[in-house]
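Scrolling down, you'll hit the structures one after another.
Look at the two complexes coming up: subunit A is in both, with subunit B in one and subunit C in the other.
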Partner chain A sequence: MWEYGGYAGKFLRLDMTNKKASTVPLTKEMARLHLGGNGFGAKILYNELKPGIDPLGPENKYVFASGPIQGTMVPTAGRSGVFTKSPLNGLFFDAYGGGSFGPEMKYAGWDAVIVEGQAESPTYVTVYDDKVEFKDASHLWGKYTFETQEIIKKDLNEPKAQIACIGPAGEKLVRFACTIWGARAAGRGGNGAVLGSKKLKALVIRGTNDVEVPNVDEFLKTVSEQYAKILANPGTGKALPSLGTPGVTTVQNQLGILGTRNWQTEVFEGTEKISGTAMRERLVVKDKGCMACPIYCTKLVHVKSGPYAGTIDEGPEYETIFAFGSNCGVDSLEMIAKADRLSDDIGVDTISAGAVISFAMECYEKGILSKEEVDGLDLKFGNQEALIQMMHKFGTREGVGDLLAEGAARAAKKIGKGSEKYAITIKDIENAGHSPRGMKGYCLGMATSTRGGSHQDGRPTGERVGKFDRKILDGKPEYAMGTQRTTTLQDSMCVCRMTEGIYGLTEVTNDHLNMINVVTGMNLKLPELVDITDRIWNVERSFNCREGARREHDVQAIRFMTEPIPDGPSKGMYSPKDELEMLKDKYYELRGWDKTTGIPTKDTLKRLSLNKQAEDLYK
Partner chain B sequence: MKFFSHLRYATGMKETDMEIDDGEMLIKLIERLIQKFGSNFEDRIKDKETGTLAPFLIMVGQEEISSVNGDLNHRLSNGDVVSLLDPVGGG
Partner chain C sequence: MTMLLIAADRCTGCRMCELVCPLVHEGVFNPDKSRIWIEFEGMPELFHPNTCRSCGKPPCADACPTEPKSIYRDEKIDGGMKILEDVCIKCGKCIEACPFAAIDWHPTKKTPLVCDVCDGDPECVKFCSPNALLTGGKSTLAAEMRKDYVGAQIAKTREKILK
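And now, the complex of A and B:
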């Protein structure tokens, strides 16, 4: 065992320019202060990237990282993350995927893989334990992600290898391209374009090492308790196994917070046709689980008839049903499954892809984009055929696909004519499928988050299930900070959001602590763990502040701050800017950030042992 | 009564009419639903380890009532539409 349990004890550095691999030892201090996952990603990128660099240039880096629990049977430890400077907004971005890529990386003996530089020609890299090889990927360039993985497995005779790869969208530098391993996506923020810029088509990993823990009996006891809790809980023991995340679709609509037609309203008349129940009855052929997970929330679907017959897809998840369904005015689950499968094949984030199309649909219906400007497509809400054609254009950047491949915020700037207010983005990241207008705490959590338009920092769950009143302002700065602490911790452990109701929804708990201690033997105390989450959050914040992000960037999409929800159960709700600014004052105070600038204060940074950040931000 | 998401599995229906005494408390209605639909329904709204209601929203008309910190003694009237939403995290 390394100094602590769970860790491999070293990082792999891949220099794509010179095709060289090297080893970076993991230090005890790094593990103890930054834990893993986003802690490693943020620390590495903060230290190694110069501010102002081009996200798609050779100076940017891309980090695959796991936490200490990956490779063990801690529930949902199959997850792992990727970290880079986002091509959508030039800020720190982290994205995560399930499956078993992260554990395999650990079995190969690596806690993280740092990809840097830029190859001259398409390349893929194989990592078999300590043996690393750079290989020609010319024959793979242009291939879809699933085909890429199949070819590599066959060529190498390695059917059990884990392969992270990009599709044509990553190669074409589509700014919301993603990374795919198996059929799971590290979806958001455009990380696939960063791999494309480095001409790294795929990273192949196979490992034979063990992951060790200090006391196996104690470990098994703690983990067994968590499995029992998961199975006893109605959400993780019944709801998610039955319907997966699509189960929330009808609930969102019933509350009047289901983004519809580019968020012009939040009630969708076709909800019953795209519900989790409808998907289960019509399309689901198999339930599937990630490594070390008893929930089995993934639904394998098969479209058996109609224009999309033959489509086989892992998913779609709720976010995808929102993005290609209600938000594009589409009530066909079959088309949504087709668009989801295409997203995985091409290698784009389903949330941003759907959001960019819904943005274009609103521009088209309002006469801002003409039929000629959208390549002759009748891009009205609900036009399924046009939507599928748009998806193909992302993979080729042909015609209007080239404009929209830049993401909604950049496209709006190019289009002009007032289209900016129809780009539903926060920090230039397209908004996920939860309503900032209809949930006050989530709204603040998102606005102040590192990732902007992602639902993974500010969280909707506490308000959606009624633990917190979604309509009131009282306590929402505390709620926003609490949920951000738990998401930060979950992302440093690399555990799945499905367990948030088990391990802790709005606070760091002894459940989190016990799992980390039983794996690592660090014997952390709860306040130390809270400090770890705050340290990671402040490194991410410092990265963004160093790039120029300030208080004025912690805002919502224009529509959410100016247009009340027009109808339905949440009619009249929105987030006026003065209300948001008032909540931010209190939030910054809780965080120890300067109220004028939004930068963490020097005292806050020093308290968290972030002396370099304090020096950089207060020169 | 309106059921959403996986509660439709436990009940086998999207909605149903329930006879109530005028002024019956909401918690009483939930207990009667558990009796009517059995353990498969109960396991979908209560934690099996703790025996307590999981957090979820109940709508009476347009009013939202939390299962964990709302007024479960809310008095129902004939004609009320009661919607049971879903105790699911994630997404």
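And now, the complex of A and C:
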């Protein structure tokens, strides 16, 4: 065992320019102050990236990182994260995926892999424990992600290898390209384009080392309790195993917060056709779980008839059903499964891909984009065939695909003609499938979060399940900060978001603490753990402030601040700017951020031992 | 009678069994040291769990050339295989003989890696949330498999009647 349990104790650095690998030791201080995953990613990128660099240039870096629990049997330990400066908005961005990649990285003896520089030609890297090789990937360039993984496994005769790779979209620098391992995606923020810019087609990992915890009996006791809680919980023990995340589709529609036709409304008449129940009845052939996960929310689907017959897909998840379904006006699960499979194969984020298409559909219907400008497609809401053709264009950047591959915010700037208000983005990240208009706490949480249009920092769960009143403003700054603390902690451990209701939705709890302590033996105290989450959050915030982000960037999409939901159960709800500004005042106060600028105050940074950040931001 | 039984169709491929097995046997996490594992193939991956079947007449023991046999069925608990690590000559005959490819090679000890059903109380069963792993005799497995099969048949009949 390293100094603490769970960790491997070192990072691997891959210099793509010189094709050289080196080892960076993990320090006890780094583990105690930044924990892992999200914490490591933020700390490494803050320290190693110069402000103002091009996300797609050689100076950007890309970090794969796991937390202390990866490699152990803590429920949902299959997860791990990737971290980079996003090509969509030039800010810090973290994305996570399940499967077995993170644990395998740990068995190979690495807590993180830092990818830097740029190779001259397509390359893939194999890591077999501490043996690292840079290999020619010209035969893989252009290949879909599933085929890429199959070829590599066969070539290397390593069926147990875990492979993170990019598809044609990453190679073509599509700004919402993602990283795929297995059929899981670290989806958001355009990280796939960063790997594409480095010409790293795939990172292949196989590990044979032990991962240890300080006391097996204590560990098993805590994990058994956690495991029993997960099985007894109606969400994680019943709803998610049977329907997966698609079960949420119906709930969202019943509350009138299901983004529909590019968020023109939030009720969808075709919901029953794309519900979790419909998917289970018609398409699901197998339940699947990520490594160490008792919840098995993944549903393997097989389309047996119609124009998309033969499609086999892991998923779609709720977000994908929203993105290609209700938000594009499509009520066919079969087409959604096809678009999901294509997203994985081509290597694009399903949320942003769907959002970019729905943006184009609204522009087309409003006459801002002509039929010629969209390559002759009749890009109306609900046109399934046009949607699938658009997906293919993301892999090739042909025709209008080239414009839209830049993401909705950039595309809107190029198009002009008032199209900006149809780009439903927050900090230039396309909005995920949850309603800032219909949930006040979530609205504030995402507006103030590092990731903007992601649903992974501000969280909708507490308000959606009715634990908090979604329509009132009272207590929402606290709600926003509380959920951000838990998400930061989950992402640093790294456990899956599906366990948020088990560990605690809005505060750092003893459950988090005990789990971290039995894995690591760090013997942290609760206030220390709260400080860790705040430290990580403030490192991210400092990264963004160093890039020029300020209070005025903590806003919602134009539509959400100006247009009330027109009909349905949440009719009339929206997030007027002055209301948001009022909530921000209180939120900044809680965070210890300057109310005028939105920058963390010097005192806050110093309290969290972020002296470098204090120096950089207060020169 | 305690065997480790697999209702393979229920497996979700979560590998929890691969994690807890080496933990309780050797105090570490390392799927390469697990006595039960999931085989994955294709994209998207399909999968199948595999472990020792606790054969009543184990071909692995028949094939073992040592005297006494260094791999033998644990008759006390009527299930699982035991290894005499000091006697074992590490020839791999048992691996060859297993008709289910359910014996692996311990990566560091270089002895056969085979399920011993944790002396009658298999830990992996306790962490198998889809209940793909069960304990009991082979009649238990038969009853479980019937439950899945008959359950599906009854559901089909019900559908027909309700139509």
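Basically, the second predicted complex is superposed on the first by the 619 of 619 C-alpha atoms of A that agree within 3 Å, B and C clash if a C-alpha of one lies under 4 Å from a C-alpha of the other, contacts with A are read in each partner's own complex, and residues count from 1 in each chain.
Criterion: a residue touches a chain if its C-beta (ideal position, glycine included) is under 8 Å from a C-beta of that chain, and two chains touch if they have at least 3 such contacts.
No experiment lies behind these values; they were computed from the predicted model shown.
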First, second, both or neither for A:D375, with subunit B first and subunit C second: neither
Contacts of A:V248 with subunit B and subunit C, given as first, second, both or neither: first
Which of subunit B and subunit C A:P234 touches, first, second, both or neither: first
First (subunit B), second (subunit C), both or neither touched by A:E158: neither
First (subunit B), second (subunit C), both or neither touched by A:D287: second
Contact residues of subunit A, present in both the subunit B and the subunit C interface: 231
Touching residues (chain side subunit A, partner subunit C) in the complex: 71-73, 78, 100, 107, 146-147, 149-150, 159, 182-183, 208-213, 216, 220, 224, 227, 230-231, 241, 286-296, 300, 312-314
Subunit B residues touching subunit A - in the complex, by the definition given at the top: 2, 4-6, 8-9, 43-50, 54-59, 62, 64-70, 83, 85-91
Of subunit C, residues touching subunit A in the complex: 12-16, 19-20, 23-24, 27-33, 40-47, 107, 126-127, 129-130
Contacting residues of subunit A [partner subunit B, same complex]: 228-229, 231-240, 242-243, 245, 247-248, 250-251, 254-255, 275-277, 297, 317-319, 433-434, 455, 460-461, 464-467, 469-470, 496-501, 505, 569
